[in-house]
Amino acid sequence: MIRFVDTTKIYSNGVVGLKNCTVSVEKGEFVFVIGASGSGKSTFLKLIMHEEVPTEGEVYVNGYSVHNMPRSEIPFLRRSLGVVFQDFRLLPNKTAYDNVAFAMQIVEATPREIRRQVPLALGLVGLSKKAKAYPHQMSGGEQQRVVLARALVNNPAVLIADEPTGNLDPKTSWEIMNLLEEINQRGTTVIVATHEKDIVDTMKKRVIALERGEIKSDEQKGLYFNEN
Amino acid sequence: MKIRTIRLLAKEGTSNIYKNKLMSFASIMTVVAALFFLGILLLIAINITTNIESMKRDLEVTVFLNVSASAFEREEVVTYIEQQQTAGVVAQYRTESKEQAFENIRSELKNDDLLKGLTVENMPESFYIKLTNPAFSDNFIEKLKTFSGVNADYGIGYDKAELEKLEGFLKIFNFVIMALLVVLMIIAVFLISNTIRLTVFARRREIEIMKYVGALDSFIRWPFIVEGILIGFIGAALSFLLTSQAYTWLQNVLNSILISFRLTTLSILEFGPVALRIFMVYSIFGIIIGGIGSLLSVRKHLNV
Amino acid sequence: MIRFVDTTKIYSNGVVGLKNCTVSVEKGEFVFVIGASGSGKSTFLKLIMHEEVPTEGEVYVNGYSVHNMPRSEIPFLRRSLGVVFQDFRLLPNKTAYDNVAFAMQIVEATPREIRRQVPLALGLVGLSKKAKAYPHQMSGGEQQRVVLARALVNNPAVLIADEPTGNLDPKTSWEIMNLLEEINQRGTTVIVATHEKDIVDTMKKRVIALERGEIKSDEQKGLYFNEN
Amino acid sequence: MKIRTIRLLAKEGTSNIYKNKLMSFASIMTVVAALFFLGILLLIAINITTNIESMKRDLEVTVFLNVSASAFEREEVVTYIEQQQTAGVVAQYRTESKEQAFENIRSELKNDDLLKGLTVENMPESFYIKLTNPAFSDNFIEKLKTFSGVNADYGIGYDKAELEKLEGFLKIFNFVIMALLVVLMIIAVFLISNTIRLTVFARRREIEIMKYVGALDSFIRWPFIVEGILIGFIGAALSFLLTSQAYTWLQNVLNSILISFRLTTLSILEFGPVALRIFMVYSIFGIIIGGIGSLLSVRKHLNV
């Protein structure tokens, strides 16, 4: 499903984002990616969605080889992924509803499907009442949940979430995590970069720990990495 | 692409005009300003050209008959002129009789001493002929010379020098105005696409986000193109209104100046007859630049 | 120091941000503001810094009455506060160093002071190595710490932090919290909106709990609010 | 505000031009385009005005002496004209002797019949006088009439009609060109400030952030004003270069057209003598619009 082969990402200013990373995630897995701030979690996820391209090595996602991909295929790769961005990336001129609907419009869903799925997705993240609000009219946590709804709405094969609960209170965080687990049980591969020790420790999923761009450990039923 | 998607993208482009008010306003106003100035300049150019052309047409061919020309000889000339008038070569003509010629020369010379040798009888009759087009003059004059009643000694007058001067003016003027129009056109294209580029630049994050979510280039591009075309068209329509108002006002002021200076040979064109053409030019210009400007501006930000 | 008197904030779209809130924070206090996502924490903090103005009621901060304040005094109110924004608000065209320096330039600090203080502040948040990086070249957590450095650098009378550890791993979060406590011990009033149950429970500070815009509880040495 | 802060803000404004390349480029190019077009139009206007003015000066006062005027009477007139020349009223003059007059009338009339009564002796001598300024004509002509040698019957010729026609042209032209220039100026101001507004709009978040961090309005404003002024000045300088190139080229082309049409009375101004003035106009215009445009654009976003 997702495979990194000796992948290295060095940013244009010389900073190492990821170093000699070899790892694979199979279909249907639920994986936590942990690590200190700046350890390369987002870089790892950005390489999957072709936001960044590897400097060296290879990345394969859903049958695409991301490291040398024709421009025209990138949108299709991304459509097979649902992404919760760490910095949200909501369209500022669209309401919560329209932001979620947008993800369906680009795959040319019928208006009927859109009318059914979008409220459902907003309901799942507990934002039915904010459907008409614009991003700047929502709290941080609300925006974050809209992004999650957008990532879910097309039932992607892979769900990538970069700190999806960073702006959420523990109760809502748990609700969201349970939601992700449920989605995972329905067959979606889920990859979550997170800092929530509680959640990682409780859920007992596979944990990939990064340190300064390198994979430090990769355990099934892992715990939140105990720093020193 | 499915039909409902096309409709969706068109709607999106339209509603973006409202959503980005300041930027739409800026773009529309740039189109208005550029087209307005282009149009006014074009109208002035048309006016000046028309006037110089009409001055050229006002040049007269002057033909003197022999002092002793018979009525038959005279008739021959008149027939020829009138026949040419039917053929569309001659626009109009007038004759000057011997009496009129005498009066004219008398008032011209003033000094009676000089008139001693002149009588009505030894004055020639003459014709003043306006051609529809100065290009006919050479043939027409050649033909006239062959009539026996025509006094070839006096020469058949046609102010070649004046004509050449006018044509010189016209050429200079056309050259300057063409240069100005071309430059202005380039500037207009440049300014409009510049503005569009800025407005798209201000929304580059949005474009990137759409790409990150998996939108195809065309899905992102079309609303912008629709928006650009609409902005171009709205700008053109507003500019047309502004032009017609401004031109009508200019026309009134100029007409009163013309009258006060008795420059009655000059005339200012009406707006009505050229209105449709101006509107078409504006619309096509606005739409094309708006659409293409958007297309090119968006393209740059699609590469993420 | 900071006093809310029956303050209500209703946003232009009719959403209630804060309702009949009466509370005061004294000089030198350390206060956690907690509550579910959308409960009004950010609204509470935004009212203090005059980003939003109350619809009803009054707000006093450092001797300024925020609810009806001449435009010209707003900058001075804000300078008496150091703010960590939930959405960061770094200047995109400036490096980490310049972003922090900017906060000193506006109070017309001498170049010498700036050269001394800025590296110090960046060092405190563990970002000495990122001084030359632009915001888009930093990870989420790194950006968040730059914001904190900017908030600290002028030694403000009050430090307001809106989820300052939302993008940080537990270890770094603790370092930051210890830093805030240290600053508080040196006399700065600290107000932190947060979701970190662990931290709130461990630090045993005053906790103001919000629910749907209303103050639900306000306890010294409080614990993270146990929902239901 | 402390001196180091002023220096800081000036530096900030300068470096922002690099940091926001696209937007600086757009603004500068708008300034270049607007000023360039303004300048070309201004230069054309100056040329046409100068030429019409010189045509007005080329109009001659025609004075006939009496056929029987004595040498003394003639001398009186010549003395007066030359004295006026010294006084700066008369630009230059030429005389036409009786012999020349006879030759001229003979070649003009062509028909020998008409010349029967004319001899060299009964032709008048005449003077053709160019004035430095048409406004002197009335006084000058009045005075000439008082000389006994001058033939007042013939009238002292001065082509009032031609003068009025030229003045009419000039007035129309001045009016049209002033209208165009004013409109163009407004459009230029509008376009430039529009562009600046867009570039500031694209950076409104930055402005807001600065405000949220506690910056004074002036602290935020000044870098933008410096940036605006610099952009205005750079645009003006580039526009000046472009104008001088374009004008020199236009001048060459027009000169060759003028020569080929033998319109030697028309002349095209050199760029050199007006260069400095044009540069000043451009700079002042660019700097003022750039500065004020920035100021006004920033102001809107300071209210947070």
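Assorted remarks:
We just call them A, B, C and D in the order they show up, numbering each chain from 1.
Note that a residue touches a chain if its C-beta (ideal position, glycine included) is under 8 Å from a C-beta of that chain, and two chains touch if they have at least 3 such contacts.
Since we're looking at a predicted model, the values are computed, not measured.
Both subunit A and subunit C are touched by no common chain. Looking at the partners of subunit B and subunit C together, the chains they share are A, D. For subunit D, the chain whose average C-alpha position is most distant is A. Look at where the CA atoms of subunit C average out and do the same for subunit D: the two points lie 63 Å apart.
Centre-to-centre separation between subunit B and subunit D, using Cα means, comes to 24 Å.
Spacing of subunit A relative to subunit D, judged by their CA centroids, is 68 angstrom. Those residues of subunit D in touch with two or more other chains do not exist in this structure. Within subunit A, contacts with two or more other chains are made by no residue at all.
Taken chain by chain, the contacts form a single closed ring in which each chain touches exactly two others. Chains that are in contact with each other form these pairs: A-B, A-C, B-D, C-D. Per the touch definition, subunit D reaches subunit B in the complex via residues 22-23, 26, 29-30, 33, 36-37, 40-41, 44, 67, 110-111, 113-118, 122, 153-155, 164-165, 167-169, 171-172, 175-176, 179-180, 183-184, 187, 190-191, 194-195, 197-199, 201-202, 246, 250, 253-254, 257-258, 261-263. For subunit C in complex with subunit D, the touching residues are 49, 51, 71, 74-79, 81, 83, 85, 89-93, 102-103, 105-108, 110-111, 150.
Interface of subunit A with subunit C (complex): residues 11, 13, 15, 34-38, 41-42, 86-87, 133, 137-142, 144-145, 162-163, 166-173, 195, 197-198, 224, 227. On the subunit D side of its complex with subunit C, the touching residues are 1-2, 4-5, 8, 16, 19-20, 206, 208-217, 219, 303-304.
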